[in-house]
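I've put the structures underneath this note.
Two complexes come next, and they have one chain in common, subunit A, joined by subunit B in the first and subunit C in the second.
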Partner chain A sequence: MSNQLFYVSPIEAAITRIESLLDDTHNPISRRSIALLLLQKDPILSSQLKQEPYFPEIERIIAHTQEYFSESLSLAIAQSRHQLAMAIEQDVIIQPQEQRTFQYEWLHKLTVHPVSGIPILVLVLYFGVYQFVGVFGGGTLVDIIEGFFESEINPVVNSIVAIIFPWQVMQDLFANDYGIFTLGIRYAVAIVLPVVTTFFLMFSLLEDSGYLPRLSLLADRLFKTIGLSGRSIIPLILGLGCGTMATLVTRTLESKRERIIATLLLALTIPCSAQLGVILALLSVEPTALFVWATVMVTIFLGIGFLAGKILPGKAGCFYIEIPPLRLPRLQAILTKTYVRLKWYFAEILPLFIFASVLIWAGKLTGLFDVLIRGLEPVMLWLGLPKEAAPTFLYGFFRRDYGAAGMFELHSSGILAGQQLVVAAVTLTLFIPCIAQLQFMLKERGVKNTIAITSFVVLFAFSLGYILNQLLTIMEVGF
Partner chain B sequence: MFTEGFSVHYSPLNFLGNKTQGVITAIKNQDEKIVKKLLAMGFHVGMQITLEQKFPVFVIRAGRTRIAIDKDIASSIKVRVSNRN
Partner chain C sequence: MDCHDCHKSCQPKPQNSVWKLLGFGSKKSAKSNFSRHSHTTIALVGSPNVGKSLLFNLLTGTYVTVSNYPGTTVEVAQGNRIIAGEKVTFFDTPGMYSLIPITEEEKVARDLIMNETLDLVIHVVDAKHLGRMLNLTLQLIEAELPVLLVVNMMDEAKKLGIWIDENQLANKLGIPVVTMAAAQKVGLKKLIAKVADYVQSTLLCVTY
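Showing the complex of A and B:
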């Protein structure tokens, strides 16, 4: 049997006529391929050939050919290709009777059936994301590496920098509290590296096992109510690891509308793992406080998603996903994937961290930060927070987790307590993502959308903090 | 055109019950992109499929390929039923 693909006669006739019109300027591609692409209305090729004198004739041929078919030409072409592919497949594949069903079929059924699938989903998220990435990566590993930096590396860097530069200003740029090495690099290596490594490991594992499509399948109905589709669960879960990376991944979503909603939810509601770790540690002392925080965050996530889905123009995203068979992942493949992703991630994120250090340095040097902090102080009082919380919010912008860490200090020194802690935690989680995420929003969504999302997030965070503070006072919730 | 005089029983996928088997008779949606996606995933007219699940989304299987689609896409696949369970 010949593998040469012949299409139904009207299409073949059209191909021959278009071929005879084409000149040889597109040499690397065969004329037949060009003709086929034109019949399928390939946008790139059409715009390239638009200027050619023969293009109107080609358009006439395409319109004439279309009259033979009730479906579009690309559909008719695809149909022929599929039929040949099927024929070849049937010709060459011998399938033993016992292998007709998929491997791990029972496991597949368990993971996609709503009754058993949703508990499995919760378990996977709890152990895979929360315990492994949040508690182990963001807690245990961060503590070890960060401790090592604080006790071994930072003092050395500080003293070396002090020897090289006699000026305090230059010393602060590279070392001390906010220096490029002592803050920028330390954050990248001590906080981001363990969190992102554990996250990528878990993500590659889920991906290679074939579980991710099943996860989006189960989430689709819920996500439809907030203007998204099941696919968006992947960037949103990534957001629990790192919002910056998740913002980048929203580009895999189907429509612009979905991408905007996901970006907004990531900026507003999803806490990144570093932030999540500190907030959980702070609030877990008070179960009621943790409960209020969690309830508020879930309500806002669903509420804002629902409203954004209603307000933004366009149709709700459609959902389709191929479900590969479940497989036992190969360790080698997972490690390689994790390594490649880490390498890429660091190349993207490290300059941003250094940039943030330099900005903090410049902000402090010029006195701009003092002005901003003084401007934030009345806002803090308005939220019922002590004015000492203002720097936390400002620095929180440079590293989202840094804000939460600052809160930890305020709490241990007794400045922030009870109700204030909940209000501060909610406001900080809602408040603007870190500068790295903002830069990625600019890159992915453009200036206009970023400004709109950012202004909304800032306004919403502070207004909600105010309302929450009032509500807790009125309802006399004690912590 | 050759079916004139015959009655061809076919129905959109979203009206069928679980475990129904059938042959795809048409894929039609106003959104050409959806049709293309289905084709790209290997679903085309004349293909034997099984509807495996309807909730939370539709899961259909054809040969060794399995896809999950929402109701809107499911309604664009018309099927001639070959067995009803």
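Showing the complex of A and C:
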């Protein structure tokens, strides 16, 4: 083979010897390649071959070869490869040197320099998240669609169902207070849809522009103090869209430790887009309330992150990330992406929302629901919340967005106000990751970690809600 | 028996029972345990953020999320396209820098390469950082995998004043090379034509 890469002779000798040891299994990859991976101490392959009778011999070859080098074998191998790669590049590239800077170099510098980067971040958060997702999506759009449902759709559904089914029990399944159409579908379409759509639109725009990797550069120093690297800002920001998706993306983090911290922070402090939109919209009327909520969340995020970073063994991962050029996002690409995400999201939640309605209906019918609610009621009172808030917490476990929608309803019917609203918002944000997120935590982090994280989150959410309520009462903060 | 212009994959594919026993493909099997393919299978691999997912979307019409940051793809996606009258299955993989993974999503990509018998591995690289990315190409060639190199983002490279001699690169590496600007769909036809060559050579081998 003419294109074969040859390494320095001790390594070539070792390759030949290891190759002759390997039995003739039909691998998709060559024995030479396997030998090289072993020489580079590839952990996966080494642990797979550990049982083989010839493995000690391989280890001896590796140790023997290492004696020829002052640097590690991996480095020696990588260097040979790198030299050849660079030589090939030299041969095939035609490039007038002077032009090699990115087009938007100045903009790049602005986004990553703390002095200009932090104000840019504040602007992005204020206009992109607060104004667009919270006020416009969670406020204006939700009010319009929700109003339309309440005034146009629900009465029609109620009367049609009343005609079809003469029995109250069946009517309640489809219509009235907790019906599939009047509650499940209304929550999904009127409250969650506008918030999630605006969020995904904004997020797609940020993604395609290349802003996120720059944000992780900016955040790296701050994140180091909480045991994470700047890299983890991407799953955490994704968590603002949907914690479930984000838990999966923690895979991109380097160490197990980072993945656990990020999963914990996602479960505890990061609200999903539906929650965020509803909370921003509800609290935007009262700036102090919004301020208290935001301060509490940021403090907990940093505090818990810091503690977790201290408690969990290991060091903060070293930070590397490919910084892609800033690109002007293409409208078509953004719309397609938003559409695909929405489709995925709704395929996920609509059946669950409908199922929730059925479950509540069945629970009410059997009285089980009332038992659960009654069990939660003392907790509500303990938090200084009205006992009508209990169902919302129950839904919140089911789906975060469902709980958020429930909170919206409580507020609009005048049950939750002022201090209670703040306490409820904080507790619900902290409270349990929803079932879907729990599933992904199980899949990615394993049973033990999931149980530990979940029980911590539940305990912490309620204790903090209690403390916050007490504090606000003592300090006589008025909203 | 070896025919001269087809790849080793055209020989009957044995079950990798020993490797399966050793634990290859047993973990995370949801992703690597694809059904045995009788048709052509092609994986798109490469560093993060070089446009694998965008290319996958163009090739298969199946949408996977594309973004401008590394780490968008964390799982293997699968899609089909009929090329040269044959059903060809493409796999989109999470980015990886080398055959030795650092993060978990890189491991997902490696598992696919190591456990699946692929008819073709398309290595997608960023034309702006060709030298750095050829490291993986060399590793793939070393592994004796059938590799096709796609040099993507030629449009951005051109803006930086970088030109790449496609033929020279193909000669140096001894593998087919296609230059592309996938975002503008430039080079897509050329790529499909090259893939069609593989499909046909695979077919020829089967009829032997």
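Brief remarks follow.
By our rule, the second predicted complex is superposed on the first by the 297 of 479 C-alpha atoms of A that agree within 3 Å, B and C clash if a C-alpha of one lies under 4 Å from a C-alpha of the other, contacts with A are read in each partner's own complex, and residues count from 1 in each chain.
The rule is short, and it goes like this: contacts are C-beta pairs under 8 Å (C-beta built on N, C-alpha and C of every residue); 3 or more make two chains touch, one makes a residue touch a chain.
Computed from a predicted structure; not experimentally measured.
Looking at the shared chain after the overlay, A:G414 reaches neither subunit B nor subunit C.
By the touch criterion defined above, A:V249 lies against subunit C but remains apart from subunit B after alignment on the C-alpha atoms of chain A. Looking at the shared chain after the overlay, A:P53 reaches neither subunit B nor subunit C. With both structures placed on the common chain, the touch criterion links A:V112 to subunit B but leaves subunit C unconnected. When both complexes are overlaid on chain A, the residue A:G367 reaches neither subunit B nor subunit C. Contacts of A:R221 after superposition: subunit B is touched, whereas subunit C is not reached. Between subunit B and subunit C, C touches the greater number of residues of subunit A. In the superposition on chain A, A:V340 contacts subunit C only, with no contact to subunit B.
In the superposition on chain A, A:L75 contacts subunit B only, with no contact to subunit C. When the shared chain is aligned, subunit C comes close enough to touch A:D208, but subunit B does not. Under the contact criterion defined above, the residues of subunit A that touch both subunit B in one complex and subunit C in the other are 74, 78, 82, 102, 213, 321-322, 324-325.
Residues 14, 16, 18-19, 22-24, 47-49, 63, 65-72, 74-75, 94, 99-105, 107-108, 110, 113-118, 130-135, 137-139, 141-145, 156, 159-165, 168-169, 172-175, 183 of subunit C touch subunit A in their complex. By the touch criterion given at the top, residues 1-5, 23, 25-30, 32-33, 36-37, 40, 42, 44, 47-49, 51, 74, 78, 81-82, 84-86, 88-96, 98-103, 204, 207-210, 212-213, 231, 234, 248-249, 251-254, 259, 321-322, 324-325, 327, 329-330, 333, 336-337, 340-341 of subunit A touch subunit C in their complex.
If you check the complex, the residues on subunit A that touch subunit B are 71-72, 74-75, 78-79, 82-83, 102, 112-114, 213, 216-218, 220-221, 224, 229-230, 318-325. On the side of subunit B, the complex with subunit A involves touching residues 27-28, 31-32, 34-39, 41-42, 44-46, 53, 55-57, 59, 64-70, 72-73.
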